[in-house]
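One chain, subunit A, appears in both complexes that follow, with subunit B as partner in the first and subunit C in the second.
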Partner chain A sequence: MVGIIWILKLYFIFTVVVMVIYGIRHYIFTYNRLYYPQRKYCQDILDTDVFSVSVVIPMHNEEAVAEGVLQALLRSDYPKDKLEIIPINDFSEDKTQEILDKYAQTDKRVHPLHRFEGDRGKPAALNEAMKLAKGEIIIVFDADYIPARDLVRKLSIGFLDPQVGAVMGRVVPVNTSKNILTRLLDLERSGGYQVDQQARYNMDLLPQYGGTVGGFRKALLMDTGSFNIRVLAEDTELTYRLFCRGWKVSYANSAECYEEAPESWEVRARQIQRWSRGHNQCMWRYFVPVLKSTYLNFWEKLDGMLLLCIYMMPVILLLGLIDSLLLFFMDEMHIIAGWLFLIFLGAYNTFGNFAPFFEIGTACFLDGARQRVFLLPYIAFNFYFYMWFITKGFFQSILDLITHRKATWQKTARFRQEKGGTV
Partner chain B sequence: MLIICLALFIVMLFFAFLPGWIEIKRKKDDKSMHINNNYVKDPEYFAKSFKKLLLKRVKDLRAIEDGQELELSKGEIINCPPQNIEPASGSYKHITLFKQAVSIMPHSQFLKEMVCLKQVQVGQGTLLRAGLCKEGCYLANQVQVIRWLDAKKIVAGENCDLGISATAKEMLLLGKGCHFTRLYAPIIKVGVDGVETVQATDLSFPKPAYNAFWDDSKDIEEGKLYEVNIVKRHGDLVVKPGAIVTGSIKGYGKITIANQATVLGNVFGRKDVIIEAGARVWGDVFSNGMVEMWPDSSIGQIGKCKSLVTRDGIKLHQNSRIYGYVSTDGEGIVL
Partner chain C sequence: MTEMKQSITYARTYRYLAQSKWRVFLTILVAALPLSVFTFFCYPQITAAITEVTKYILQGYYASGELLANHSNLIDMIGDITYLSVPGRYPTVLFNWFNLLFTLIALVVLTAFVKVRPWSIFATVMLFVHLFSSLFFVFVPWLFPYTASEYSGLYLKQQMLMLFFTPFILGTSIAILPCNIFLVLGAVVGCYLYFLVFSVLRYVIFVYVLSKISILYMASLFFTFGPFIDFLYIVAIYSLVVNKVSKGIKRIEAVWKW
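Take a look at the complex of A and B:
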């Protein structure tokens, strides 16, 4: 019994230490974004020699949004002879195929890829599209995205830097006003991109390639083995693959693009569970390579590890909560006694818990959003909601690791009613 | 007591959510962040949009009469000074249209845009809000442009301030002490007009493979050819005199392209970049520090548009040249 109590106590301390580390991380990023010189992305470069680009859009039953993304891309200011658009019809059962064929007939830049056999899912679809793609640079958009006219140029210009293997833009929800969930997701996205990603880019750490509104060098991906179809988070996998090989991911905060945020809690739950499962698959895969990589310095490794473990945090916290309840009812909660404990508790409640809120609030400030910041306390509900589904995703990833089973890709449901692409 | 405590706890908890609840109900700030989906980068944006605004009201600018009011973004009076009288030095409060070649008297003030259909010589110390010139625009010393200037050719004297943006269809010549933020022209040059010597056909090497990298622990030696990309992760990078790098360069410390060295690709610097005398970069130069171009150095090549973009400022020395676009978030100055 004494042994169990000690394990519980040690785990409690471990949870607190982990929470403090992530709290400090949030503060460092936020302070960097607020008070330090911001690293410039190269979107201002004008160059007559541009890369040939293939824009790839995986689609599965996307009749509601397919026209929107294609219309937006066909309006792009990118030189026509250097741009190729490959919408991938991935086992669609609706009118996606007809829509894609219609656009292929009217514009030579559109080269649809229809897939009805082989492996399903985004990584497999991207692998097949890359065999067709003629561009040096592959840019990926999800089907519900509405790229601005200059977005392809902004993203592809980043590859003029010889060390950049992938470029990531910023995602902005288009349906923010829909309901409380979309409003909270808007806040999360702001914090994630405006502060978190930009700060990591500023500090030469590990900005993450997010799998959409981003691109990568085709030859680099092909030379390093294409996308792994067993990995659900092919974007995270690519991020770590690149960094561990000495390449960089560039973050373009000004390369903004609208996306459709989930409008129902059920859809969001599935999405976050999939992200957790995929991200944790990468965590198991890259934990050791990150530590061993000769290309990463100490701070990059630290950031890489913290980012890798980000979807493990809710699991640690959930277990920590259970742990603290057990200790409380066993009357064994006196881990740190006296004033020291009170000072720590006070400090953590004042600053630690507040850290992610501070990050999101700063993002709102930088975006010039003044009223939506009042919704911040409601993020706490999301936290507990995510805790459960991220934990589920975490344990699924452990099963994936043990059984080597193939994960099934689940598409995020779309909510858009109209078929056009204007906002 | 317990009930009071519980009640207080609930009230305090509720207070945290109250402002958010009010915002949910009132929906004052529930719109998606604005993205201009129609935005296209155009260095001549100011001049083009002003010209478009004018041409929306009158088909031929020569047909505008003195004192005519045009509805632009708001009602604007257009002054057309008589062609046979030299304009006096003074303050021009309205948009001013010169239909013939004109010499602006020193220390004039144009509080609105100046439009010239022919060549214009702007007198010393003149203040110009913005200028659109169909032909050459010659600025005497200490002319100050507040916003933008666009002409077929711009020649700026000493200590001019070129405002937010100066663009020329053919050439932009900068005098000593000029300040600038954004410049755009096929040839941007410091000092005197002359025959261009940088030809695109001077050097011809195949572009190295994307993954052909130089071992950054080794130095770049003088006068040698490097058919690779170079990424210098630690410390400063010096491309020694006369060396030729056919790929692109990235450096986390200071980058120096030494005398007569050539980089055929792009130069990306996290810190300052120095392009020494006679050195050439054929691609773009981008820096999160400052860039200094020494005499006779060049960026880009004739017939192509390449860029020099920096965060912390640009210093240009005599006879340095850029073929295309220059932009800095800091201060640009000619030494």
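Take a look at the complex of A and C:
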């Protein structure tokens, strides 16, 4: 019994320490973003000798949004002879195929890829598209995105830096005013990109390639192996693959693109569960390689590890809640005697918990957003929602690890009514 | 696309604050630290006052001598905290079974018939806490380790820790924004007073529930209405201030650098 109590107490201390580390990380990123000169992306470089670019758009039953993204891309100011657009019709059963063929007939830059056999899902679709793509640079958009005219140029110009293996732009929800969920997602995206990604870029750490509104060098992907079809988070996998081989990921805060955020909690639940499962698959895969990498310095490794484990935090906290409950009923809440520990616990309760809100509040402030910041307290309830579904995704990733089963890709449902796309 | 947002301009993308770090440091020193220091040195008096007020509010519901002020050690060199010593009400077997049954039904209804929403998951987690407590009291009630008085002392210790950190955390978060020192001071003092009033109100409810209804609810009170609730209004006050500062500097270019 004494042994069990000690294990429970040690786990409690572990939870507090981990949360304090993540809290400090939030504060450092926020202060850096708010108070220090920002590292600018090279969007102002004008170059006539541009890269040849293949824009790839995986689609599965995307008739509601397919026209929007194609119209937006066809309005791009990128030189026509250097741009090809490959919309991938991945086993669609709706009118996606007809829409893509219609656009292919009217514009020779559009080269649709229709897939009705082989493995399903985004990584498999991207692999097949790589065989067709002629561009030196691959830029990926999800089907619900509406890129601005200059976005392809902004993203591709980042590859002028020979150290850069991938570039990531900023995602901004377009349907923010739809309901409370889309407003909250707007807050989260704001914190994630305006503060988190930019601070990571400022500090020369590990900005993440997010799988959409971003690109990578085709040759680099082909040299290091194609996308792993067993991994649901091909974007995280590529990020770590690049960093572990000495490449950099550039973050372009000025390269904004509009996305359609999920409008129903059910869709968001499935999305976050899939992200958790995929991200944790990468965590199991890259935990040791990041630690061993000779290309990363101490701070990059630390940031890389914290980012890798980010989808494990809700699981640690859920177990921490169960742990606290057991300690409470065992009369063992005085984990360590003495007021110093109480003060430490108080600091964790206040500073640790406040840190993510501080980051999002700061992002809203930098964006000049005034009304939406009132929703900050509601995010605390969101935390329980995420804790539940991220935990489910985490345990699925453990099953994936043990059984080597193939994960089934689940597409995020779309909500858009009209078909056009303008920026 | 009538819902399309106006694009965020380049100017917002890479801007950062042009404030003097010394000004921020001084603001924290003047507006945030004093109340934390005050709490640190005066928690014996603060807890004594909270206890007195709570006792005054509740005295009509208790017999003479039932509500007593008690003391517990916190920091030797500063002094003890004062808390209310109250008789706890232990649940009957029937009451325990009723709670167990009710919680199980609520959990089934919540998971089977209610759509998944943040509040429903929050409620589910909290019902699990209560389910655990109900099971404990149904099967091993004699092992329950706390009295209502012990919980009363624990609550005030926890509140004093939160009261110590709240001015500092809120003050530093607001002081870094380009705003008047009086706004920082106002927000910190306002939050502090709100905290004190809310602490008393919650203390009154906790003491009443544990002594007049049942100590079966102790775990739920601790896990559901503990620091989580304090935390929500700190965030709410912070968001109010961010909104006000954003509005105030909307057209003032000098606060930014690029």
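Throughout what follows, the second predicted complex is superposed on the first by the 418 of 423 C-alpha atoms of A that agree within 3 Å, B and C clash if a C-alpha of one lies under 4 Å from a C-alpha of the other, contacts with A are read in each partner's own complex, and residues count from 1 in each chain.
Following the convention adopted for this analysis, contacts are C-beta pairs under 8 Å (C-beta built on N, C-alpha and C of every residue); 3 or more make two chains touch, one makes a residue touch a chain.
Here the structure is a predicted model, which means the values were calculated and not measured.
> Aligned on subunit A, subunit B and subunit C: do they clash or fit?
With subunit A aligned, subunit B runs into subunit C, so clash.
> Determine, under the contact definition given at the top, whether A:Ser177 touches first (subunit B), second (subunit C), both, or neither.
both
> So, A:Thr294: does it touch subunit B (first), subunit C (second), both, or neither?
neither
> With both structures placed on chain A, which of the two partners, subunit B or subunit C, ends up touching more residues of subunit A?
C
> Between subunit B and subunit C, whom does A:Trp265 touch in the aligned arrangement: first, second, both, or neither?
A:Trp265 contacts subunit C only, not subunit B.
> For A:Leu46 in the superposed arrangement: first (subunit B), second (subunit C), both or neither?
first
> So, does A:Leu160 touch the first partner subunit B, the second partner subunit C, both, or neither?
A:Leu160 contacts subunit B only, not subunit C.
> On the A-aligned overlay, A:Thr403 touches which partner chain: subunit B = first, subunit C = second, or both, or neither?
Touch status of A:Thr403: no partner.
> Looking at the overlay, does A:Phe374 come into contact with subunit B only (first), subunit C only (second), both, or neither?
both
> Give one of first, second, both or neither to describe whether A:Gln105 is in contact with subunit B, with subunit C, with both, or with none.
Touch status of A:Gln105: no partner.
> Touching A:Ala148 in the superposition: subunit B (first), subunit C (second), both, neither?
both
> Run through 23-31, 95-103, 113-121 or 203-211 for subunit C and report the one that clashes with subunit B in the overlay.
203-211
> Output the subunit A positions appearing in both contact lists, the one against subunit B and the one against subunit C.
In subunit A, positions 37, 40, 146, 148, 172, 174-177, 256, 258, 367, 369-371, 374-378, 422-423 sit in both the subunit B and subunit C interfaces.
> If you look only at subunit C, which of its residues touch subunit A in the complex?
Per the stated touch rule, the residues are 1, 3-5, 7-8, 10, 12-17, 19, 21, 74-75, 115-119, 121-122, 125, 129, 132-133, 136, 143-146, 154, 157-158, 161-162, 164-166, 169, 173, 176-177, 219, 222-223, 227-228, 231-236, 238-240, 242-243, 245-247, 250, 257-258.
> What residues of subunit A sit close enough to touch subunit C in their complex?
Answer in residue numbers: 31, 33-38, 40, 68, 146, 148, 172, 174-178, 253-254, 256, 258, 265-266, 269, 321, 324-325, 328-331, 333, 339, 342-343, 345-347, 349-351, 353-354, 357-358, 361, 364-371, 373-378, 380-382, 384-385, 387-388, 418, 420-423.
> For the complex, give me every residue of subunit B touching subunit A.
For this pair, the touching residues of subunit B are 16-17, 19-20, 22-24, 27-33, 35-41, 43, 184, 210-211, 213, 229-231, 247-250, 252, 265-266, 268, 270, 283-284, 286, 288, 304-307, 309, 311, 324-325, 327, 329.
> Per the contact definition, I'd like the list of subunit A residues that touch subunit B in the complex.
Touch residues, subunit A against subunit B: 37, 39-40, 42-49, 72, 77, 146-150, 153, 160-163, 172-177, 180, 183, 186, 190, 204, 217, 219-220, 223, 246, 256-258, 367, 369-372, 374-378, 422-423.
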